[in-house]
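Should a chain be cited, it is by its letter among A, B and C, assigned in written order, with residues numbered from 1 in that chain.
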Amino acid sequence: MTDRRSRNLTLLLALGLLLMTVPMQESIHQLRPHVFDPERKTRRASAINVGPMPAVIAALGGFRTVAADMLWLRVERDWHGGNWWALPSLLDGVTQLDPHFILAWQVYGWHLAYNLHAEAETKVDKRYYLDGGIRALEGAVDANPDNWEMIFELGWTLFDRAHDMHRAAEYFYRADQFPEAKSYTTRLYYRCFERTLDIPRLVEALEYAKNRHTDPYSPDDVQHQVIVSDNYRFWITDNHLEDRDKHREIIARENTARAQRSVDFYLYPDNPYWDVCPHCGLPSPEGSEFCSAYGHPMKPSSGSSRSPGESRPPAEATSI
Amino acid sequence: MVSDEIVLQIEGLSKVYRSLFAPAGTKAVDSLTLGVRRGETYSIVGPNGSGKTTTLKIVLGLIFPTSGKVNIFGSDVADLAVRERVGFLPEDAYLYDVFTGEELLDFYAGLFGYSRRRRKELVDELLSLVGMQANRRVPFQECSKGMRQRLALAQALVNDPELLILDEPTSGLDPAGRHQMTELIYELKRRGKTILLCSHFLAEVEEVCDRVGIMYRGRLVAEGTLTELAGDPTEIVITASGMSPEGASRVAAHSAVLGVEGDVVRMGHESSDRLWSVLDAVREAGGRVAEVHRPRPTLQDVFVRAIRQDAPERDAGEEVH
Amino acid sequence: MGQLAFGIGLLVAIVVLAITHRLWAPAMGHGGASTWRIAKITVAEARRRRVVQAVVVLVLLILLSMTVFSYLNPREQARMIISGGLSAITVFGILLAIFVAAFLIPQELETRTVYAVLSKPVRRFEFVLGKYLGALIILAAIMTIMTVVLVAVLLVMDHFVPDLTYSTFEPNLANVVFAAVMSYFAVAVLSAYIVLISTVSSTAMTVIASFIIWAIGSLQSQIHDLAAGAETVSTKWFFTMFYWLVPPLENFDFRHEVSNFMQVSYKAGIDAAGVGILYIIVVLLVASVFFNDRQV
């Protein structure tokens, strides 16, 4: 039998040792936020249907990954079996059980925003699945803020399906900040501005793109320059000529031409056939009375193309 | 052999078991005081539940007394050094059952920090002492009850203890096993070990022990040597065959004879000086004397007597306080 | 805050050890040897009872059955095997810990084998520690075998599964081994808690309580959330205290990160190991206090 004194001392020693764990435990909390940060966990919203999942997840404890795998096998089966409409809830389960299962998130967003969106018959349904897909991908980005692919995926779906160029640009930019991001992220970033024809921002984005891939010999960079102009033409001819609305077609042509000019100007600032608007710094065909981007008066019409406009930072105009 | 040095002193030992169902507690041992001298064999006897095993466990520090003190070799039982000099054979000894006798003894010897070589010698020595040499590689679970008990005794002897504490050493054994065990205890006694044993099997105790303490309901109700406890013999019994009925009645008429029943003639112990004349009378009656003996009251009788004496007072003041 | 707690704790520990050094010193005699012998016999007993063999065969079957999902793409297959394999290692480690650790001491008491040991010059603390070390060795052996098998399966699969351009099998073996080692820490911490319970209760109660403790320990982060989100001071205190008392099992759970091929923080693993070792010492100290007062 221990006497009271040595028992108390032993328990005191135990308490002392327990206190020593505090800094290590706090460090673990910081190093593994996806486990210990309540903020990170509560943002994991369900995209489609909220069931009793949180309780199930809590009960499964450390075996969520395995449970997700089991559901994923059912996803595989239903996918190959053509049971497409059963997939959203299964995928919702998989991604809630394992919010870091990137492939599942990608399939989830893609399946809703592409397959089911296409299969849905009414506009309301289409809208529902498209929104669901985007919400799913937003959830994915919340759960995986460190994964550039996930952020890119959301950007791409916004760009390609929802045509929400502003938000798409935001996510492409975010994804592009990761060193491992592929160069197509950068290209898609400025292409968002091409599509909205937000010329000032497009120019900024192109400038950014050039600095993003600085190595002049990198194949990425070369490819990127070629694609800027090539895809552009492709876009003009292919995309917009399909537009049945004649009026819109004309506008599209004009806008496209305008945009292309600005891009060309940006790429070849030494081109003598341009005049630069003194107000916005954007190029217009030589001899224009008003600037073709914003209709500013091109007052000193004899202005040299080499002298940059007032609002245009000189560094940008001469960087190539 | 027995010296006056007290090696084990129990003073005013009480143990109350408290539980959810008996919050006031059950008194297993009640102000027990006894001392065991060096070299003697002291036996605590008593019916089941009289607190014998509890007392031994307290002595070994396996459980803790509610009040009172136990000293072994002058030290408190909590002192670990005491256990270097004590061996214990638990009741219904059960050792790790997947191991053989050899392995078990090696393990227990190891707990005393003996070297490998010393352990090997010790194991051989102990196995031959308890007669388990031939079965040294039999797993404990395949051993008979007698073999197990002998292994358990060997385990108690690994440190060559000065004080040996045996809890029910012969319980559950067949007569042969009991005999072997009693012989072993004799042998140990001969080697000068102080032995404290407890038992409810009285005959075994009678054979080996110097002093007996009778425990009943946690209290020591009687203590002393066998002679002290049993007192002097009261009669002499002559067994003779072939007495004729009329001869028998003549023998019965002898003034020293208390009675004749068949072949058995009983006479008062106080008239033992007239034994020869009674024997003559028996022979004259045609009887052939087979045996003459002075039966002491057996421990059984002493035991029953002690309990009877104790019981009324105990029943009056019940043990639950 | 954390550094302050560490300082206070360290100070308390040093002061207590300094005060009690006379109590500890004699225990260091052949006490260490007794502890080791008890550990060894515990391991030997488990080996004779063929605990290890049974579990290993079971796990082999499970791991081999995971290699059949060949219709998945390589990365999915890798994920499936890694998450399944690590979970099998953890689950079997923990189940085995419950059944080994819960029986360690109560069984000794119930079969009364403990008398022959504790009547020798063996401290109760040495007995508890020896039994615990024995359990650790058994569990280490089993979990090592399971990990080796998992790694072997991954290597063989990596050899045979054809890689696609967009999806390669490419298992992150270092991380897999890391997660398995961390699972072992979880098992060790849980075993210490089980030993603590077993010093005050019977086998059946210990088994039940062990499952409950496992469940609570696996909800460590949820308790952390509760403490963080508590609205009154008293509930915050309650959950915070509770948080520091339950076994921090989620600290050791890296299965999720590893099977998703995420970045794994080895620093978090080292911290978790530190926390785990301190928890084990704390729990065993309390267990020895309980067992010292136990009437066997």
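Methods note: contacts are C-beta pairs under 8 Å (C-beta built on N, C-alpha and C of every residue); 3 or more make two chains touch, one makes a residue touch a chain.
The model shown is predicted, which means the values in this text are computed figures rather than measured ones.
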A-C or B-C - the one linked by more C-beta pairs in contact: A-C
Most centrally placed chain - per-chain CA mean versus overall CA mean: C
Chain of greatest Cα-centre distance to chain A: B
Where chain A and chain B are represented by their mean Cα positions, the distance between them in whole Å: 90
Distance from chain C to chain B - Cα centre to Cα centre, in angstrom: 48
Separation of mean Cα positions, chain C and chain A [Å, integer]: 42
Residue list for chain A, restricted to those that touch at least two other chains: 1
Per-residue multi-chain contacts in chain B, two or more chains: 64
Residue list for chain C, restricted to those that touch at least two other chains: 293
Residues of chain B touching chain C in the complex: 57, 60-64, 80-81, 83-84, 86-88, 90-99, 103, 107-108, 110-113, 152, 155-156, 159, 165
Interface residues, chain C side, partner chain A - complex: 1-3, 5-6, 8-13, 16-17, 19-20, 23, 69, 71-72, 75-76, 79-80, 83-84, 87, 90-91, 215, 218-219, 221-222, 224-225, 228-229, 244, 248-251, 253, 255-257, 259-260, 262-263, 265, 267-268, 271-272, 274-275, 278-279, 281-282, 285-286, 288-289, 292-293
Chain B contact footprint on chain C (complex, rising order): 26, 29-30, 33-34, 37, 41, 44-45, 48-49, 111-113, 115-123, 293, 295-296
Residues of chain A touching chain C in the complex: 1-2, 6-7, 9-29, 31-32, 35-36, 38, 41, 58, 61-66, 68-69, 72-73, 76, 80, 98, 100-103, 146
